Amino acid sequence: MPEVLFPLDSTRKFTEQELMGHNRWHPDIPAVATVRPGQSFRVECREWFDGAIHNDDSADDVRDAPLPIVHALSGPFSVSGAEPGDLLVVDILDVGPIPQEDSGPLAGQGWGYTGIFPKQNGGGFLTDYFPDAYKAIWDFSGQQASSRHVPGVTFTGMIHPGLMGTAPSAALLAKWNQREGALRATDPDRVPPLSLPPLPDGAILGALTGADFDRVAAEAARTAPPRENGGNQDIKNMTKGTRVFYPVYVPGANLSLGDLHFSQGDGEITFCGAIEMGGFVDLHVDVIKGGMTMYGVSENAIFLPGNVAPQYSQWLAFSGISVTTDGEQRYLDSQLAFQRACLHAIDYLTKFGYSPEQAYLILGAAPIEGRFSGVVDIPNSCATVYLPTAIFDVDVRPSAAGPTRITSGASAPKSTF
Amino acid sequence: MPEVLFPLDSTRKFTEQELMGHNRWHPDIPAVATVRPGQSFRVECREWFDGAIHNDDSADDVRDAPLPIVHALSGPFSVSGAEPGDLLVVDILDVGPIPQEDSGPLAGQGWGYTGIFPKQNGGGFLTDYFPDAYKAIWDFSGQQASSRHVPGVTFTGMIHPGLMGTAPSAALLAKWNQREGALRATDPDRVPPLSLPPLPDGAILGALTGADFDRVAAEAARTAPPRENGGNQDIKNMTKGTRVFYPVYVPGANLSLGDLHFSQGDGEITFCGAIEMGGFVDLHVDVIKGGMTMYGVSENAIFLPGNVAPQYSQWLAFSGISVTTDGEQRYLDSQLAFQRACLHAIDYLTKFGYSPEQAYLILGAAPIEGRFSGVVDIPNSCATVYLPTAIFDVDVRPSAAGPTRITSGASAPKSTF
Amino acid sequence: MPEVLFPLDSTRKFTEQELMGHNRWHPDIPAVATVRPGQSFRVECREWFDGAIHNDDSADDVRDAPLPIVHALSGPFSVSGAEPGDLLVVDILDVGPIPQEDSGPLAGQGWGYTGIFPKQNGGGFLTDYFPDAYKAIWDFSGQQASSRHVPGVTFTGMIHPGLMGTAPSAALLAKWNQREGALRATDPDRVPPLSLPPLPDGAILGALTGADFDRVAAEAARTAPPRENGGNQDIKNMTKGTRVFYPVYVPGANLSLGDLHFSQGDGEITFCGAIEMGGFVDLHVDVIKGGMTMYGVSENAIFLPGNVAPQYSQWLAFSGISVTTDGEQRYLDSQLAFQRACLHAIDYLTKFGYSPEQAYLILGAAPIEGRFSGVVDIPNSCATVYLPTAIFDVDVRPSAAGPTRITSGASAPKSTF
Amino acid sequence: MPEVLFPLDSTRKFTEQELMGHNRWHPDIPAVATVRPGQSFRVECREWFDGAIHNDDSADDVRDAPLPIVHALSGPFSVSGAEPGDLLVVDILDVGPIPQEDSGPLAGQGWGYTGIFPKQNGGGFLTDYFPDAYKAIWDFSGQQASSRHVPGVTFTGMIHPGLMGTAPSAALLAKWNQREGALRATDPDRVPPLSLPPLPDGAILGALTGADFDRVAAEAARTAPPRENGGNQDIKNMTKGTRVFYPVYVPGANLSLGDLHFSQGDGEITFCGAIEMGGFVDLHVDVIKGGMTMYGVSENAIFLPGNVAPQYSQWLAFSGISVTTDGEQRYLDSQLAFQRACLHAIDYLTKFGYSPEQAYLILGAAPIEGRFSGVVDIPNSCATVYLPTAIFDVDVRPSAAGPTRITSGASAPKSTF
């Protein structure tokens, strides 16, 4: 195990640790440590809500989740010698739940959670169909996850950091604020909103204090969306063994990370669709000097996925096209096509005894594949979603005999406003 | 080899065959044959343009491609006993290029083609960046494809039918015409258009003649888009061994198919991004009585992919977000995010000596994976595209040494209006 | 489809074809055709017994199988420019059952067979436990095989040529005859024998006649065993897309092939454990000049398996050690350890309702993996055999609930002397 | 992380720990702990030589390795309710090197070793060709291993326990001693010996003392070979996620384990071919009452491998037959055939600049596959060994260009008697 450069004490809040992380993007957040190219180190990560979601049978905590404080990020780590224009090479040597702690009140201590976020507090991919809050607790056994709230399904986690990225330059940050503000201005009262403005309330900015804190808090970007620097990409394939190449925008690169997921389906569709947890990541870093120009990678990470992701050889696939459930034709809209494919999968799973919410939670958390199929055949995009059949206790393949219903009557807790 | 129910003579046009296929969707197109549940049979398929694209070094044929005549479909095949509400179970026993013919003027005779369609004649996923016509010819050697127009790349084909589906009911057809017309009416002069209206010109309607022909030609839906009945889904994973379940909307189901692809990347992004060819498909059909309600599958095919698709274990992945190349922020638009991921991959491959068009053609034709990654993190969707590194002659992974350039100077033919 | 250089008419015996193949190894068997490096061509192959085994419900034909006439080989093909010391590069572009014929009396016409050979006529891996003759007929549906004699199991074929190789030089042939004769001399009356001597009776030697025929027939090696030239290696992984490198011992290399298998488990344990069939192979050949020394490959083929073999992700594995069923300890004997692992798998499958012979047939025919596990831990070797669980209709994994029995009562035909 | 039931302090010898393990098999070795069905727990394991092999550049320690003290085993663990006739279900939840320690003098602290054992002290699979001692140290980076003694090769570890098993009954132990003694008596002076007798010298027997210790030490079986109870099976596929089913021979089952491997090729051919290390295993146990009869598993473990083993899609394969290097024909001897296949692979790799010993070490340590191919074609067995091409820095596939030599001149340390 490499040296721990960012330790976290599970008994204390994220803001009461030895080293202070951050939950906004800004070039002026100071590095917590400097590493050299070629170095390996361990980073401990807090789950994105810093313990606000509990291992219980109520979804009130999901309903009331404090979005202003996300994501609790570890870092930044300055890499000596890295300069704007370089590519930062990050190897994910290992990643997992909180080590040596398999029970306790914090997600990552032997358990994690997924939630359907309510439309009034975050929403999700299918929020028009699922406007209320739901929660499922998942228990870990080795690399397997199962839930008392979603019976009859067990899968091997594709453990990965949902969020990792380099610090933006001041110019890049300004561009983000400009373009996201412009979008928000087109419909400022929308629920959920079109984008999130800088928000001093709840901001955590590392060692910054006083006037610096106030200035940065007013400018710093929220961490919800992925952007040019990587960020909250929620790419389930960034598992152990992955090598990522990030553009460097500030001296030292200033790498930060967090939002660990025990498992996630493509799209992380219930918003908090991944199984959220705290834990650790072991990283190795290196630098390709001048790599951004040399390889034409000026924005958005490129990566080589690892070779130890769970293997499944049989899949049940659903397709969708870009027509709304109201029958309105949209033009080549893969976002919509994927929604329809997911809705089809949900409809299907209800025939096996799942509630629609349980099916939705499965699609968010299990290692499902979501693929662009046809994207050019006007006016319909076609998207597909693939479920590994082996994750279910019953045979979910269609046959003349009809569906076998799961036996357990467990349900996912619900809360409404 | 099962009995050939739909033979095609490679020396004659699609309209001069023993049995007449069709290129529009309509419930009144009569079946060419009736099969029973449990039966296996072979269907020969003509490439979608019926020979209009040639094995040469000019892209004029792509520029001038006769879109009104697509897709040349084999069928419909009526399945005895199938009734509306059933699921039609279709096994793809085998699929391949034109059997026993490995050279000749017709795509599928040992070769196939991909094209970048010009903005004025069909367009494509990245048509704003690639408005002109390009073509690449791919030669088959066993299940491997390579191209004199795209050097340094060889891959194993994921051979599949791009288009397969059941006939719509009259009500379903009416719904298509209504909704697609409504969309088109919002911007009737757009190039490329928002959707395609019924078009009697070029229509092929099986055995229909006279007034029936005229009536049906005026109503029948174009075959370009995928719809509730399956249709032109362009799902690269529907390879040999796949079992598909189609909703049945008319008595006999009336299954049709065509648009065979030797290989295709997810999205088929250059419009004619798949390697187009004629060939054969061996099918086995069965029926699940009442399956639509029993399994909640009232629209859009579900399927179990086969287990003999080409295997790759190392991938190079690119990501994109829903910000336009002009810097405009869009709201959770996976279509755009996938475009940006593809553009990033194209930029990257040019560093290895490919022209942007060659890189675009590779993404269309090779077995790339296109995945939805994050779809809920406002305002940015994140999409990813994965290239198998083994398809390239040179090592395309980033390193401090910089990219190795491909040696050949071959280029893809271009034509402009 | 490349040009057919070795056609076979299914209505005629192997010895009554346009081109005469062979069933012995000898450098003086003349080539049937000459091909150039870089050429692709099709070879049709007869099943190894030339039609002696029938699609019926008796095992008499297996009991009485005419071993002196095997293997019916297509070739030799001379490769222009190939000389001793080179490596012959052979790409298996495609391989399959008899094209365009899906029913008929010849294995490969939509069906194939496996047999347990009786101890008095060939024997097999477990002949001491299975001394009698059994047969199973397998029907092909696309790339799937199932059998009326072995219910409840269906698998995707790993189609491959069981036998392919270059001609031996005179010196190499002499070495074979010497060493195999010496072994046989240690126990000349053993049943089954320790090795097979040259046998003029039943010999087929291509175009040779008269005195040449007699001389060669007296010297030529039997085709049963694999040897330095490749030969009857029965490597299930030499599927479509494989590239093999054979040592060249005579000018032109003189490549021959046959013994096609629709599927086979590692070891082909029932002797005729693979699903035997006639069919076709499409080959592409090339030459690496001086490759034998350059790569240190002076004997036994090396190869790069293809990437379209069937994929399974869940396996049930059995282990065995080198102790006989009588309890005698042997020293590091992997042959014995693998026998014990197979016997364990057979015992296990009988709990699910299979007869021991059916279980044995499954291990011979299905895509099982047989692996060396520990080979150095005196005195016990450990060998393992892996069954893909997805090939069975019932769940064959152990659980507290006990085994589920297959429902059908079908059995495999048996014949005794 | 589950509770640690068997802790090990890396600063103390195996015999000076809080709980005393064992290095012999005997029913009377008392359990160190009792676990209940359904319980998860962590077991720490010492590397098999308890620290006798060092992270340095001399092979003297391998030459002089103290074989009487192996294997340092953790346990036995008694499972409440398990009785003879049951199957013990063991899930390998996780397995890895010594947690939280990535440097230090003990194998498992960030590094491991492989050795070629000399003929006079253990030998190995190819000891007649490699009679001297060699060593290679492998450094771990995440799940990757590389060695300063074997340049140009890096691979992902298939981490697994080499040894795990239940305690033998008195009757079973007596059978072992009888049969292994009988074999040894056939050539008592052989070097290496045919089997190993009970050896009080160096015996570690848990909490036993006095007369009990002396009695048990005189009877207890050595741990080198795999036997009916599982034991030193060295099955590289027993990775994380595997479920194993062991026969139960004594009340409580008395499970023990050790001999952790960071990686191993099939066969573990250099004797100490796996990358040896200490570390931890997280287990979950359960019991199938009466499972031995119910499933016909009266000896030798059966198992379901996990689904997170490293994936490779391109392999270079070598074949061998049962003829000695002196040209002597043996009868269907897969042990010999596999030796020949391995020797062919070694010859091949030397063309790329490896010494024969380095090539041999690669085959022992890397995730190579060793398969039984033909086992019935008298007189030659055919065995195959598959190397994943991606583990090498250079392209090891044959081509007309000839082999590329690795650049580094590092060599593996050697020691002779």
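Letters A, B, C and D name the chains as they come in the text, with residue numbers starting at 1 for each one.
The working rule: a contact is a pair of C-beta atoms (placed from the backbone, for glycine too) under 8 Å apart; a residue touches a chain by one contact, two chains touch by 3 or more.
Quick caveat, the model's predicted, so the values are computed rather than measured.
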**Request:** Please identify which chain has its centre, taken as the mean of its CA atoms, farthest from the centre of chain C.
**Result:** A
**Asked** Where the centres are mean C-alpha positions, what is the separation of chain A from chain B, in Å?
**Response** 32
**Asked** Using mean CA coordinates as chain centres, what's the chain A-chain D distance in Å?
**Response** 39
**Asked** Just curious, how far off is chain D from chain B if you go by their C-alpha centres, in Å?
**Response** 51
**Fill in**
For chain B, residue numbers touching 2 or more other chains are 307, 311-314
**Prompt:** Linking chains that touch, what shape results: line, ring, star, complete or other?
**Reply:** complete
**Prompt:** Which chain A residues qualify as touching chain D in the complex?
**Reply:** 1-2, 40, 91-94, 99-102, 141-144, 156, 240-241, 282, 284, 306-312
**Prompt:** In the complex formed with chain C, which residues of chain D make contact?
**Reply:** 87, 89, 123-125, 175, 179-180, 182-183, 192-196, 224-228, 232-237, 245, 266-271, 273, 288-289, 291, 294-297, 299-305, 307, 313-321, 323, 327-335, 338, 340-341, 344, 347-348, 350-351, 369-384, 386, 389, 397-400, 402-403
**Complete:** Within the complex, chain A is touched by chain C residues 311-314, 390
